[in-house]
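Consider the two complexes below, in which chain A is the common component and chain B and chain C are the respective partners.
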Partner chain A sequence: MKKLMIFLLLLLLSLLAYGACADEATGNITASVNVSGSFFLIVNSDSFDFASLMPGQTGEMSRTEGITVTGSSAGGDPWYLKVAVVSALSSGSDFIPNENFTWNGTSEGKGSWYGSVDRSFAGGSNTAYISSRDESASGAKVASKFNFRLTVPEDTKPGSYTTTVMFTLTE
Partner chain B sequence: MIGNRNSLKIATLFVAIFVLTRCCIAATHFSVSPPATFSGTDGNGTPRSITGALPTDFKEDNEVITSDGSYSNKVYFEATVPADCPYTLRIKISGDLTSGSHTIPYSSLRYMYTYGRNITFGITAPGTKLNYAKYRDFSTSYQDVYISGSTAGGGTYEVPPISGFPADKIRDWEHQFKYAIQVPNNTYPGVYTATITYRADPAGTERTADISVTVGDYFRLSIDRGTIDFENMSPGTTKDNVPVEGVIVTAKTNTGRPWFLKISNDSPLSSGPYMIPNSNFIWYGWTDGSGTWYGNGTDTMNFVPSLVYSSSPTEMNNLPDGTGNHLKFKLTIPRGQPGGKYLSNVKLTLTE
Partner chain C sequence: MKSPITIFQSPNNIKNSNHKYRFDHCCLVIGICLVIGAWSLVIPAFGLAINIDQPSIRITLKPGETKTGALTVLNIGSTNLKIKAYTEDWKYAPDGSKDFMKAGSSVYSCSNWISLEAQAFDLGPRDTKTVTYKITAPKNASGSHVSVIFFEAVVGTVEGIAVTGRIGSIMYQDTEGYIKKEAQIKSFTVTPSVEGQPVAFDVFLVNKGNSYVSTRPKLTIFKDDKEIMKKDMNPINMLPGDDAEGKVVLNSPMLKEGSYKAQIDISYEDKTLQSKSDFSIKKI
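Showing the complex of A and B:
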């Protein structure tokens, strides 16, 4: 037993001695990656118009291919594409009510599209699209096409009426 | 005719006695002693040392600190000889420097004659300083270092007669040397020693001083870059072959012991609260060495160091080139990964 203890002690000392003389050297590298496109919205045009309309006339936007809005989010949660106008179409103090300004369109996405029929801006912000679960998880890009229609009231005064259409992507 | 022959014999005998007498005086009183503390005495020198040397280093010897300052090695002469008695100082080495079974060829050690003077009079040694102030290769045979003598005054002597001082008391010559080693590439750690012998002729007096060279452990890891950049990636995508030219990790050692290269990271690629799991971060590569490469091409990064490479017996002392290993990385960004700049510190460890 005593010999065994001595042997173990010597073994321990040997291991300690070996450990004490063993060398070690280290070097470091910084790994980096920019993960992009986690949340973005692209609109392919910054303007559109209805050309000239007469009071009482309904017209389509002159840009026949419509406005393409591409959204993507990789946050993992469902995302929403909304469309609204910041104010009614106006020319000086004259304006065209939002009830007369409508939108519709199609979406390439697999989520829920709410613009299959004409919807007016009368109610404020409209939800146009809600992503699918898969699109939310993968960060897939979803392109939606918007068309706009305007009915000019009979009593509308002549003028150049403008407004801003705002697209919003949110989770 | 007979008278003339006798006269010739007498004249020859007189010349022979004269020469022998002059040489005997020199041989009787001439001595050499290496260390500075031996001024005025005989004796062997204290060891000279070169410490902190590593393979591939060129390193000079440590200074000796004496009561009158710091000096390179000194050899003192107490030469009670006539002023015009010439002498030659020679030097040699015993052979290769040894440390156990390991050696450094003596040709790697060099010496330089740096200074000579007469301590008593403060006179710079006037003789011939061979290869003065230049490093010379050692030899196991004696090499001349200094040949005394001056032709001033029409004679040949170490110093001219000095007024008021006995001509036979020109003494205390000091000569200084320094040493340097060019440590060979594959030198193992250890304390290597050899013996230097100084000789004063024609007296033939020899004195020795050991020289030691302490070679330390050389165990280093070098990486040819500090970053690996996957640049821009989108969620759900994979980027491979980064960097294209690979990261070169070079291990150099002289310890004679097996070594291992390991890889780990302190944390996964992180950007604020978001992380890309290590399971998406893969390392792979290849080796220039003759040891064992442990990567299988699909190894994921881990907090616990993973074995990348283990040395072969021939790589346990692999200076000066070392052993190169090449690493590349592959990264997959999970679907739904939030955007941002993700960073991780990849650590490479060389261990025995």
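Showing the complex of A and C:
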């Protein structure tokens, strides 16, 4: 019993000392953090190809998993993902018209996705995705998968045809 | 203390400590590979990952005035990027997105008023770069002007069809003292419907001023003069002279057979425009 009393007394003294110590140690520390705005675009590949195609043949891209493009904004306004080709597929002076080059795909987002059916690059830049109001407000990440398809016209000359596919993200 | 990965041990491995060590080691290596693999799904080993701190910039200038600002670009990927920075013009597309054009090609362009301190730079993984811009309004400036500052990953040497991306900060410029914001409702219609089918509400606006206008439409539906439904619509944005459509389709069980009144309220700046339309829902 005596030991218990001594223990409790020591415990009480310790708590008082801790309290006093805490009082003495109280002070102000100024902390600051600079949080940057978040508006980002991720594209998971820098190239793809259709391997070899014969004139008249239609081929899918060799990369079967497609190209995944992720967009996000915490700006509060809707954001838009567009896809375009910077020029027609060309090999020297020969080219394949943009209406023969198409894309489609799927999106995980809750906004408007325009790639459920094949769309060609003939009309220039295509809107692929418009974020929903919730996604714009919350800064949610939205991943969309793009597949590309090419139909080689019958009269196409042999060659290695290339171009650049450009994804554009803006509000 | 047991490692979490020991749960993968087979009974044979427990009997032999050397085998156990090898198995643990193997599991550890596999675990690390899985973590790296999972991370690589988020941040591409190839391709690009760019963040900018401001999706849009709103700036007011007096005629002849110059202002400066800055945008911070961050490479959130794991590869080195070569970035080029440049301005372009834009106009609204019918779907509300923006169609981009060569700098200086639009009547409402301020692209050529902007100079960028850095037009090409390298960004290593996790590197940031602050790009300062300077914008000067001409002495005869009036109304609103727009532009976009793009940051584009420069295509390297690749086999096949190159893929790249660009991210833009949209700039809206107003000329202080020379701004007239005026939107008008051209029409507000409700497509007649039957019970259980969607009802479409369409509003067409026109920008009669010389300034960019961003409106926030609200749709309210009344039955017997009592409000039964309210819906915030997507913003309708217009450049001077633009026509724009706002549409909402409702398929609500509250819209049963009967007569209704729809009211659209378009607010922008400190003004509100209003239009009403009667409609009815018929029984199938």
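Miscellaneous remarks
Everything below uses one rule, namely that the second predicted complex is superposed on the first by the 136 of 171 C-alpha atoms of A that agree within 3 Å, B and C clash if a C-alpha of one lies under 4 Å from a C-alpha of the other, contacts with A are read in each partner's own complex, and residues count from 1 in each chain.
The working rule: a residue touches a chain if its C-beta (ideal position, glycine included) is under 8 Å from a C-beta of that chain, and two chains touch if they have at least 3 such contacts.
Only a predicted model underlies this, so the values are computations on that prediction, with no experimental measurement involved.
In the superposition on chain A, A:Ser32 makes contact with chain B only, while chain C stays out of contact range.
Of the two partner chains placed around the shared chain by superposition, neither chain B nor chain C is touched by A:Arg149. When the shared chain is aligned, chain C comes close enough to touch A:Ser47, but chain B does not.
Contacts of A:Ala137 after superposition on the shared chain: chain B is touched, whereas chain C is not.
Once the two complexes are overlaid on the shared chain, A:Arg119 sits clear of chain B and of chain C alike. Put chain B and chain C next to each other and count what each touches on chain A; the higher total goes to C. Legend: residue contacts after superposition of the two complexes on their common chain; A:Val69 is shown touching chain C, with no touch to chain B. Within chain A, the residues touched by chain B in the first complex and by chain C in the second are 36-39, 75. The touching residues of chain B, when paired with chain A in their complex, are 217, 219-223, 225-236, 239, 247, 249, 251, 253, 255, 257, 265, 269, 271, 276, 281, 329, 331, 333, 335-352. By the touch criterion given at the top, residues 36-50, 67, 69, 73, 75, 77-80, 82, 89, 124-125, 127, 130, 133, 148, 162-171 of chain A touch chain C in their complex.
On the chain C side of its complex with chain A, the touching residues are 43-44, 46-56, 72, 74, 76-77, 93, 95-100, 148, 150, 152, 155-156, 158-170, 232, 234-235. Remark: chain A residues 22-39, 74-76, 136-140 touch chain B in the complex.
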